[in-house]
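Below you'll find a set of structures to go through.
Paired with subunit B in one complex and with subunit C in the other, subunit A is shared by the two complexes that follow.
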Partner chain A sequence: MPAKPAGLAPADRGSEPDVVRAAAPERKRAPTAAIRRHWRRWAPGYLFLLPSVAILLVFVAYPIVESLWMSLHNWSFFSSSHPFVGLGNYDTMLHDPRFWNALRNTAIYTAVVVPGQLAIGLALAVALQRNTLINKFFRSIYFFPVISALATMGIVWKFLLDPDIGIINHLLVSVGLPDIDFLQSTTWALPAVMTVGIWKSAGFSMVIFLAALQDIPQSIIEAALIDGAGPWQRFRRVILPLLRPSMLFAAVIATITSMQLFDQVYVMTSGGPLFHTDTLVTYLYEVGFQDFRSGYAAAISWVLFLLILALSMLQLRLFRFKEID
Partner chain B sequence: MATNPITSGRLARTTAGTAGTAYLDRRSRRWRWWRVLPVGTKWVALIAGAAIVVLPFLWMLGTSFKPEADVFGYPLRLQPTHPTLSNYAAIWSQLPFLRLIVNSIVFAGGVTVCSVFFDSLAAYALARLRFPGRDLAFYLVLATLMVPFQVTLVPVFQLVFDLHWLNTYQGLIVPRATSAFGIFLLRQFFITVPRELDEAARIDGASEWYIYRKIMLPLAKPALVTLGIFYFMNNWNDFLWPLVMTSSTNMRNLPAGLTLFAGQYVVEHGVLMAGAVISLIPLAVAFVLAQRYFVRGIATTGLK
Partner chain C sequence: MIRTKAVLAAAAVCAVAAVAACSSSAASPTSTDSGSGSGPVTLTYWSGFTGGDQATYVALVNMFNATHKDIKVDMTVQPWDSIAQKLPEAMASGAGPDIATPDYNPGTIRQYINNGLLAPIDQLLGSGANQVPASVLPPAVKQVFTVNGHLYAAPANWATLELYYNKTLFAKAGISSPPTTMTQLESDAVKLTVKSGSNVTQYGMAIADHDTIAMWPIFIWANGGDIVNAKGCSALDEPQTIQAVSTWANLINKDDISQVGLAGQDADNLFSAQKAAMEINGPWATGEYTPAHVNYGLAPVPTGAIGTPVTTASTVPMVLNAKSTHKAQALTFFAWWMSKPVQAYLAEHVGYPPSRNDMADYPGLNSNPWVAGFSAQSPYAKFYLGTVADFSNVDSNIFSPAIQAAERGANVASTLQSASAALNSALNCPS
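Take a look at the complex of A and B:
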């Protein structure tokens, strides 16, 4: 056991003022003994918690509060005075076309990538659910993008989609389709970013659904089979309802990840062309760490948090509601 | 999360024969087109999908061995006309690549070691010890669990700046040296360990440190490895955090550094791809060796 630091003694003896102890030295023994006894029992708990709680307080809990505080001020990183503006930053946001544009892009991305990722993941899980060697091989392939760095692979995708050196354009041209400069096109840049998003995360959904599928008792499937349920009915009426908890989990995680979209956008398009792939977090990064408008950036981050919270709640409600009928 | 079926982590275990739901119907073993067609379509789709999934990796690998002329001359070829190792030689001089690797190892390794250690300490206290304020600490963990890290990014940047920790390893590592998520995960695990084990040791006069070190940690090994791989992967691949906390090229990790060079400096494509290949190797090797832990870690935890 490491030595006990003196400053951590639990203040449970507050009822025994110092004056009393000083005036009556013979009474001193009992409380100190009690403190020592308690301390013996409690000290390990405080010491075990100390590193984590200190870090969480200083680098997470306090910054959460400070972030909210900053968002109520006209807070610039380099200026020493931070005038209070109340909800001014949030009001600015309401009239900021860049913010609405970023929100729209993030919403479109989430609305496409989350269902796409879940559907592909589910299809892959059903197709590859048997534990054969070849299935395991395919699972590894589909899972591999999950472990790769999105920023680094964003560079690769940028090259793949390049009109000069990219293999994708040359493939399109060779089958007679038009040559498209995807990442410079206001129409195609966001779909390109979405494709990379689905490419990266479909394997994640697959893994969650695979685990859930393998936990379904064989007897349930057999019972459905005996009742004469066809393959589609077995899937729709038996398997799918049993997958609901993992569906919820996958959907919530996928939504949170999508709402925080940053890496591949920053690398592939930097939010362009003409802000068509700007997202909440790329905009937050620009405001907070390039323009150093900390207060406004903090306000954006709180809106992001509330949106994520609301969406997660909505999904919880949605999936639970379905369970009733 | 506690009721989540994924936590059972059965995925990679070979329980062959328990799953095949659509395959029970085996009365007719003869090949008929209406039987073969769906299966055939399935495999064509799976192979096509797999081709799309591996295309970026193959292109990256191929280009890393290509002379620059090949990149422009034969954009449809994945493989080089004249394979060369010159890109792998050039990366060390065209980029401060060794430095990026060292930074990535120190950053991801440091966060992993500190987090797993501190998380397990805190989780042990929350799961097993009694003292005033324990529930308060647990609520603190739960409260910070829900908040996305972008919310704290601006104030933490200010804090790290005030500490003069920008562009330092401690600035990268210390704010991440524990996570509410890891504490929560390990606490849930420690709670499932039978109390008799540590009660017996406690009666024998073992210290809490001894119980934690000699009883709990060995039992929690799979959970610790899973969490460690999760931390290492996330921080090895992380981009936004190093981007914000470092401005000097010499302090960037691999993704942030490579991206910087892809965007700002004229670097040959092959050289950049060689860098990308090297930066992928550690996780790829770990994935092949410990796929089970990767899958379990990611399935229980989500990505970020």
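Take a look at the complex of A and C:
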């Protein structure tokens, strides 16, 4: 066993020169070798990230902070002065009937479209989970609306629902029903928009659930079968609980998308008739870009953000599960 | 060594990305600038004429540049909503163009004027070489562009509305000529509405109630009512206004003479598809109806209870930036734009009547029969909300919703009274 080098035992620390011990706290410490190694290793990565981070800071982070700042001011594009009003814009919102109308429409849309697209998506996934050629064809058919532009689909549906040339009314009349001007009816306009929303997004939920269904071990299904579980019991007690993580993901994404509804309403109804399809985003667009009240529009956007955040957290809480489930 | 090369490679990528991000990528969709130099003064001009008339406006600017060696107009054409979003901020920050067309709605200039963004152009009017006689401007134009006694805009174009009627559908219904009074218009609209069971196969008239050149106000004015009175406050609750809206709302709601909730383009499509026999519209519609082979005619808007014709005026303001350092050159351009040869060229190629009312006998102008008809309505034309700065709010949130509610069977008197209170609030008038 080699002898310990002299002068390196911990007990020898007391023999270090006093000048070194006294000067150490006041002199700036040089980077250690470990930190230098870290930077040498990771510097290329940080440099490669720098352009993207810069873009995110300039085009995402800064506008977010700026919009919060604007929401506290009476901000208009026309004026070079923007007086500070504190929570004045938020107080205006509380007494704005258009805001509450838009919030109600957005809530109704979300409450109907999210469960609707999840239910239909799940039904399609269960029906098309076997990897046959015909099933693959129909999966593509049902996914096609998802990849189509919302505005384009809105225009298409506007024609389909037209009271004079639309095929929907033609079919209604052919079976003896009266034709309906869906998009000009205060009763039917919002249901029409919701139907298009479900039709557009069900394919996305289908794809999520298809992937989750493929991951369910067949042995669990067989075990349930052996235990005498019928099809509905297998679905309700075995498959559905195992789909919970996917359902959470699909529900959160669907909720966020629904709360931000703009394109199809702007194209199909412009928020009408008589504001019956006006949503928070179509209203804030009108306030910000037609009325040029940017501060108030920014305040509405922040309220929308907080609502989406609260809903997402609620969904995470409701869908909470333990690994033993 | 390898790590050093990696760091250098990463730094090179960052430098390239930074240069690419910082390089100017602003490209004008259409620009008439043929290059900058130290010679002629360059006037920057933001224009919103992106439609079928764009080529005519570009050709005119090129003509000006060719005939004025000391002034060069650099016109950038962009959509109206793009101008509306960019222009206020650009002007306020001192980076805006010398001249611009802020919006197709003339009332918008009041927002700019209230914030000190526009320069008055009173020097445009006069009898000098680079001036226009004040008497040639249509009275409605002078009124809508004059604020606090100063002129703030020149008309980039000028139009009135007339009654389009489908001659074929009129003949089928046994109507030999277009209506000349509002009473005749009402009965013709009912006669021309054709139903198959409960479905309407042909509407007597296409009447738009939003996103349109103003058609509904004509019915109100013809009956002696108004939307905003001479004092700048609401006239929606006046008896003549309520009577006019009631009459036409009942015709739509009970007799189905028009579809409910039509936007301007929807109304144009109905007439173009020959599913509506009449429509009140401007000269721009001839460019749609002629290629659609509609056998149409044009007639003055029928006269109402007031006994004199009245129709809607339409003009796009050309304004001068208060911070422009080339005001004299801008006024020269405005005066050239208002000259008879230019107005004749514009009328011939775009089909709009001239923006001056002293060209009735101008050679070649009446070769286009439509121009003469629209031009003849100029003395009777008035603007919808022309003096209201908050046009968008009043139109979208007060007047149009009230009309749409009336069309759907709401009590007209109470609806208009509520709208009147809201309008007075928006106009800072006592209720």
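Methods note: the second predicted complex is superposed on the first by the 275 of 325 C-alpha atoms of A that agree within 3 Å, B and C clash if a C-alpha of one lies under 4 Å from a C-alpha of the other, contacts with A are read in each partner's own complex, and residues count from 1 in each chain.
We adopt the following convention: a residue touches a chain if its C-beta (ideal position, glycine included) is under 8 Å from a C-beta of that chain, and two chains touch if they have at least 3 such contacts.
No experiment lies behind these values; they were computed from the predicted model shown.
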### Message
Looking at A:E286 after the superposition, I want to know if it touches subunit B, subunit C, both of them or none. Which is it: first, second, both, neither?
### Response
second
### Message
By the touch definition at the top of the document, which applies to A:R317: first (subunit B), second (subunit C), both, or neither?
### Response
neither
### Query
Regarding the shared-chain residue A:R98, is it in contact with subunit B (first), subunit C (second), both, or neither?
second
### Message
Quick check for you: in the superposed arrangement, does A:F48 touch first (subunit B), second (subunit C), both or neither?
### Response
both
### Query
Who does A:D181 touch here: subunit B (first), subunit C (second), both, or neither?
second
### Message
Touch test for A:R37: subunit B only (first), subunit C only (second), both, or neither?
### Response
neither
### Task
Quick one: name whichever of subunit B and subunit C touches more residues of subunit A.
B
### Task
Quick one: classify A:S80 as touching subunit B (first), subunit C (second), both or neither.
second
### Query
Which of the two partners, first being subunit B and second being subunit C, lies in contact with A:R237: first, second, both, or neither?
neither
## Note on the structure
So the subunit A residues that subunit B and subunit C both touch are 41, 44-45, 48, 51, 55, 77, 164, 270, 289
#### Entry: For the subunit A and subunit B complex, residues of the former touching the latter
1-2, 10, 12, 41-42, 44-46, 48-49, 51-53, 55-64, 66-67, 70, 77, 120, 124, 126-132, 138, 140-160, 164-167, 169-171, 174, 199, 201, 203-204, 207-208, 210-216, 218, 221-222, 225, 231, 234-235, 239, 245-246, 249, 253, 256-257, 260, 262-263, 266-267, 270, 281, 284-285, 288-289, 294, 297-298, 301-302, 304-305, 308-309
#### Entry: Complex contact set, residues of subunit C against subunit A
3, 6-7, 9-11, 13-14, 17-18, 21, 81, 84-85, 88-89, 92-93, 111-112, 114-115, 117, 198-199, 210-211, 259-261, 263, 270, 275, 390, 392-393, 396-397, 401, 404-405, 408
### Query
Which residues, counting only subunit B, touch subunit A once they are in their complex?
1, 3-6, 8-11, 14-25, 42, 45-46, 49-50, 52-57, 59-60, 63, 71-72, 75-76, 78, 118-119, 121-122, 124-126, 129-134, 137, 140-141, 143-144, 146-148, 150-159, 174-178, 180, 183, 207-209, 212, 233, 236-237, 239-240, 243-244, 254-256, 258-259, 262-263, 269, 272-273, 276, 279-280, 283-284, 287, 291, 294-295, 298-299, 302-304
### Message
Quick check: in the complex, which residue numbers of subunit A touch subunit C?
### Response
40-41, 43-45, 47-48, 50-51, 54-55, 76-80, 98, 163-164, 173, 178-179, 181, 183-184, 186, 270, 272-275, 286, 289-292
